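For reference, the structures are reproduced in the following blocks.
Below, chain A partners chain B and then partners chain C, in two separate complexes.
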Partner chain A sequence: MKESVKRTTALMKYLPLILLVVVSLFFGILYPRFFSIKNVLNLIRQMSFLMIVSMGMTFIILMGSIDASVGANATFCGVIGALLAPYLGGGAIIIGILAGAGVGALNGTIVTKVKVPSFLVTLSLMGALDGAALLLMHSSPVNISNQTFLDFSNGSLLFSLPNVDLIPIIMIAVCYFVINKTAFGRSLYAIGGNEQATFYSGIRVRQIQIIAFMISGIMAGVAGCLQASMFEAACPYMGDALMMNSIAAVVIGGTQLSGGVGGPLRTVFGVVLIAIIGSGMNFMGVEPATRHIVTGAIMILAVSVNIDRSKMAYVK
Partner chain B sequence: MTADVRKTKKIDIKKVVNLVPVIVIIALMIIFSFLSPAFIRFRNLVEILQLSSIYLLIAAGVTFPILMGSIDLSITGIIVGSGVIAATIAPVGGLFTVFLILFIGLCLGLFNGLLVAKIKLPSFIVTLATNFIYCGIAVALTEGYNINIRSNFFSNISNGRMIPGIPNSIILAGVVYIVFVYLSEKTKTGRYIMAIGGKEDVAARMGINVAKYKIIAFALSGLLIGCGTLFLSARLGMASARLGSGYLFNTLIAVVVGGTALSGGVGGVRRTILGVLIITILENGMTLGGIDVRIQYMVKAVILIGSVFLISIPDRSRQDLMK
Partner chain C sequence: MNERELLFRAEGITKKFPGVRALNDVNIEIYTNEILGLSGENGAGKSTLMKVIAGVYSKDSGRMLLNDQEYRPENYREGTSKGISMVFQEQNLVPNLYGYENIFLSHEKFFIKKSGVLDTRTMIDKTKMYFEQFEIDADPAKRVSSYSFHQRQLVEIVRAFMISELYGINHPLILLDEPTAALAEKERELLFSQVTKFSKNATFCLISHRLSEMMTYCNRIMVLRDGELVGEVDPKTSEEHDLHTMMVGREVSRDIYGISKQDDDFQEEKVMEIKGLTEEGVYKDINIELNKGMILGLGGLVGCGKRDLGKAIYGITEYQSGSVLVNGSFVKKGKISAMVKQRVGYIPAERKGFGIIEYLPVSWNISLPSIFELANRFMLKVDRKREKTLIDKYIKRFRIKASPEDMCYSLSGGNQQKVVLAKWIAKNLDIVILDNPTRGVDVGAKEEIYSLLREIVKEGVSVLMITDDLLELIGLSNQIMIMKEGQVSEIRDAGKASKPTENELVRYMV
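Moving on, here comes the complex of A and B:
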């Protein structure tokens, strides 16, 4: 019995890697151009928004909560950045990110103080933010011409690496450090493992939950501004796909929805896997509608493989 | 002594919370009839009831999983899925189309239930994902176009008037609703679902087949959403992959505002009708008052969170920390 449990744990640990190799080989053999330098660069660029948002989502899912508002939040922050860009230039990006942090704080406060389940709070806020974003942009794209704002994605701070590739790498490093090397990160695992016990051992659970939601909001803000800067416009619903994909990426990487198990490096694998599947479907000429079906199916599969059923007395 | 005092106080709060929906309905009616005279006209009231009838069926269906403490977020997916799949197979609009819409709704709900009860996945993540899948199927089948269903029989289900002045959908939806209220309150199935919501491990120890009744609850949800889709499609004479937007929020709000707690075991299908009336009156009144749809979204989000909070006051003790 113990043996088999051990084996499944080992399998779960390496499953994302195995899947990654299998999927890469599949598309690599099917389409020789798949691993051409041009396509790989393209792939990296495509996954940068998802990578940033998924890093934030990792904090939330580690606690056993969920943040369904990230997509709408990214759109919302992108619009705020785009609207302020003509007046503030680079400052608009900071305001956009701060707006994301504010939304995250609101999420966290409602979850912890008003005590409403996180999926419901964030789902409601998703609706409200979509509405607010549409209202702000008058339901049509807001063009950006400010050079400083555009440099946020196209400029390069380091060597000749474009920022749009650099920022996700910085975010991964920061999140890795915060989750693995700080007391805050360890208490995230503790909350995910057993919230009650963590509370009674004197850790300020509610404060940490609010901060985690703020981090997720900040990541959504960064992704939204980056997206707006990359597209040179903030468009309606531009962040919507990020919500499902980031949850799927975190879960497929091996972070359990029940909380307490996983980490940021696993999420990196998850994001790469999702991006490769997405790009592969592009090569195959799969329609957007079919992609939705595939994403949904992947999500159910990923959750059903790695959820820890022993931890849930019963499933709601 | 102190225990007694606490007990009476608790009951008082419960009574107040139970009365809130009725008071809100009356208050909204009064406010909106002052704000716009068109609101109180007979035609508008019939319009409100006709809109309510669709919401009522969907919300009544969703009440079953929520009574168990689960949730069904695939409302939009089941609406577009059942409508579009049925219309693709049988666009004629005969009795077969009617049967097919209901059957496919049931199947989609059943699939949710199987994933939740048999593979043991949390319902919110299952239904979030299946919502994606069902919508994807509907979009793939229609390629963005509407599928017209033109037949008098089909259109009469919603728009015909057996009683002069009152559309059929109001009467039919009322009958279906009463049947399901009976099912939820007077039959074994309904009581077991309630018991599972109250305390699942106790229900299991009592010998209730928890997995079976979970599947039944999700299937009932699918069936009733299918039923709502039938009236919706009949009213518009078409099925489309875009019909379902907005229903998720409105029905969840209706269920919760009516007084069914998300933690399960509290409330009932009977109470959902109050929530449905509140949300349709509110929507109709806001639209007549010229309030922007995008602002309506935000108002609804506030109402949803606020009502979840309000409903959970009587049994705060059950939820110490929130995930």
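Moving on, here comes the complex of A and C:
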């Protein structure tokens, strides 16, 4: 490979990291309190749900598909958990997560068997799930008082680290392993690169797609229950912002929307970047409405920079 | 032929792509009414040179003269309007537009009526006239996707003539990049008889991997190697072998099919049996027996159903009746994964669409079919060490000129095809179904692929080879089956000493 190509490739590869440093420095210098322990902890807390959902989204986007239902799915699973908490306690969390897996399986089955583009399938399911969640909670928050359920976020399984911080770390580790180390993960890259050629190679493409959507659903379920536990209630539309932000995080991290290029660690950078920008804007006193506009702009920027990367070289 | 008149001249053409110098100081002269051949291995720069001439690529340095006038096309459309058109290797028609719409695409301005709408009537009539002249049996007012592959190819050539006529150019230069790669014998001959006929009013520049074709129809052949012009061959005074040698830059074997290495004592053991396979209107009552270690060639005209048959056997499509047995056990129809489990692999003709994954590295392409076998059962964790050993072994054994990390798209067609072959052989297969294994592959790589095929059958792999290339069919196969209109019309032994001639086989095709 020629020098200039190598250089461009390196730039592409480290762009999210460079951006992260630049943005951090910017806010750090502007607001010395930005990197106070309190704010950093706050930041991590805010990232938690997004991190989990974005990990699931990475599976989907690596295949060149999209899952627009993750936000609504999180809300839906949170409500199920909240409604069942008085009866089942911790079991409610498991049911909530299983509900997420079920939604994912439904997504995957429709995409592969009926052959409807994933964007349309998951967008339709997004609407349906939002509606179902609202019906279940009668349009008002469902409060949770069961201690086991609340411990899901506030308790601490390890080194007095709150679960809400621990769970995303576990999820990153698991997703990293599955995507980078297993035959299943490799198949995701292959499907994203060329679904037909992968199919012709004897890989069970449909099965893998369904499982990937289930993983995305499980992640949404975990995030939804965690959110409900954290807020001590399941609220209408509480997961909605996760959809746009998780897609943005994956793409900003450098995973190709057309599939086949990227990986979970890139998503981690993407999530951190989005969280820092969000928190920074908070410091600057930017209104929530304006923040949405900024997030949208960042996403378009990320996609436009991202678009030709696959043609440069292999970036993981 | 009238005396030679200079039509086009290029001096010192250089074109760089990131990482490679595709053309280096190329000088070329093209005379009127000639059919000039451009020869060279894949990656030698033939297509690039044509694209520079046509205005698709801009050159980095050098200059071009057309009819003694400076010719500096900004884009392809400007090239066509000056009388230089190109028929691209990868077909360049819009499938969901009608025939006539494709012909006049981006030149519709000649057909605008006073009212501002397009005069489609005239467009259709004009197209129809030309179609008749070129003996294209297609309706200009139908979508191009309904045309057959070779009809589409002819349409592109017709377009070149029609567009130059629109611009009042009576002597166009038409660049043909592999126009016959996917055509059957009969259509190839028809095409060349047209080209020869039209060379009275036009000049052609031709790229083809079929050297015999070049030797027969070209007036001169220029040879490119690694982006440089290395010489010129006069077909009247030279042999195909000379051209071949000049292209590769070393002496090449006269026995590229490795007939001397052919082993006709393959084992009696039947590895695949196909019984009465039928799909109404495509193929009917096909019976095939494939022995261990043999190459069974399946030939016939384009559209005779042989390729559909291959796809059905592998499970890409389904069949209505009949059965496929591999190593004695039935395999469910329409299920690729079941076929692969029985250690059957398939190499498709469309390498880019179905064979390789362009934007993944060579290494991952090779290990893909074996990836679940390289992983442990419980966690599916891939054994990287074993994977690497496997990949390195096959890159070396198949002489793939690339490092494992290279993305597949950056490889030449021949090397890409070797990757596709390697990924199956690395899986330790019993049977491999090949669909036109050397389509769009240059001679040097062809020879290597043939010798690899000889090697693997020696190791006991059985090959079912479907091909449009008659010489390949005859040269490689132990036994040949010919299909005609969906049915087997001939089965013939093709042992080392009893190879049939082309004519003997063509009789059963038409």
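The working rule: the second predicted complex is superposed on the first by the 300 of 316 C-alpha atoms of A that agree within 3 Å, B and C clash if a C-alpha of one lies under 4 Å from a C-alpha of the other, contacts with A are read in each partner's own complex, and residues count from 1 in each chain.
What we mean here is this: a contact is a pair of C-beta atoms (placed from the backbone, for glycine too) under 8 Å apart; a residue touches a chain by one contact, two chains touch by 3 or more.
Because the structure is predicted, anything quoted here is derived from the model rather than measured.
Student: Between chain B and chain C, whom does A:P117 touch in the aligned arrangement: first, second, both, or neither?
Tutor: Once the two structures are laid over each other on A, A:P117 reaches chain B alone.
Student: Could you say whether A:I293 touches chain B, chain C, both of them, or neither, answering first, second, both or neither?
Tutor: The first partner, chain B, only.
Student: According to the stated criteria, A:L41 is in contact with first (chain B), second (chain C), both, or neither; which is it?
Tutor: neither
Student: Who does A:V21 touch here: chain B (first), chain C (second), both, or neither?
Tutor: neither
Student: Does chain B (first) or chain C (second) touch A:L158, or do both, or does neither?
Tutor: neither
Student: Taking the superposition as given, does A:Q196 touch the first partner, chain B, the second, chain C, both, or neither?
Tutor: In the superposition, A:Q196 contacts both chain B and chain C.
Student: Does chain B (first) or chain C (second) touch A:M244, or do both, or does neither?
Tutor: In the superposition, A:M244 contacts chain B only.
Student: Using the touch definition from the top, say if A:A173 reaches chain B (first), chain C (second), both or neither.
Tutor: In the superposition, A:A173 contacts neither chain B nor chain C.
Student: For chain A, which residues lie in the overlap of the chain B contacts and the chain C contacts?
Tutor: 196, 199, 313-314
Student: Sort out for me which residues of chain B touch chain A in the complex.
Tutor: 68-71, 73, 115-117, 119-126, 128-133, 135-137, 139-140, 200-201, 204, 210, 249, 252, 262, 264, 292-298, 300-302, 304-305, 308-309, 312, 316, 319-323
Student: Where on chain A does chain B make contact in their complex?
Tutor: Within the complex, chain A contacts chain B at residues 63-66, 68, 110-112, 114-121, 123-125, 127-128, 130-132, 134-135, 195-196, 199, 205, 244, 247, 257, 259, 287-293, 295-297, 299-300, 303-304, 307, 309, 312-316.
Student: Once bound in the complex, which stretches of chain A touch chain C?
Tutor: 1-2, 4-5, 177, 181-184, 186-187, 189-190, 193-194, 196-204, 260-261, 310-311, 313-314
Student: In the complex of these two chains, what residues of chain C are touching chain A?
Tutor: 18-20, 316, 336-337, 339-341, 345-346, 348, 353-361, 364, 367-369, 371-372, 374-375, 379-382, 405, 407, 409, 423
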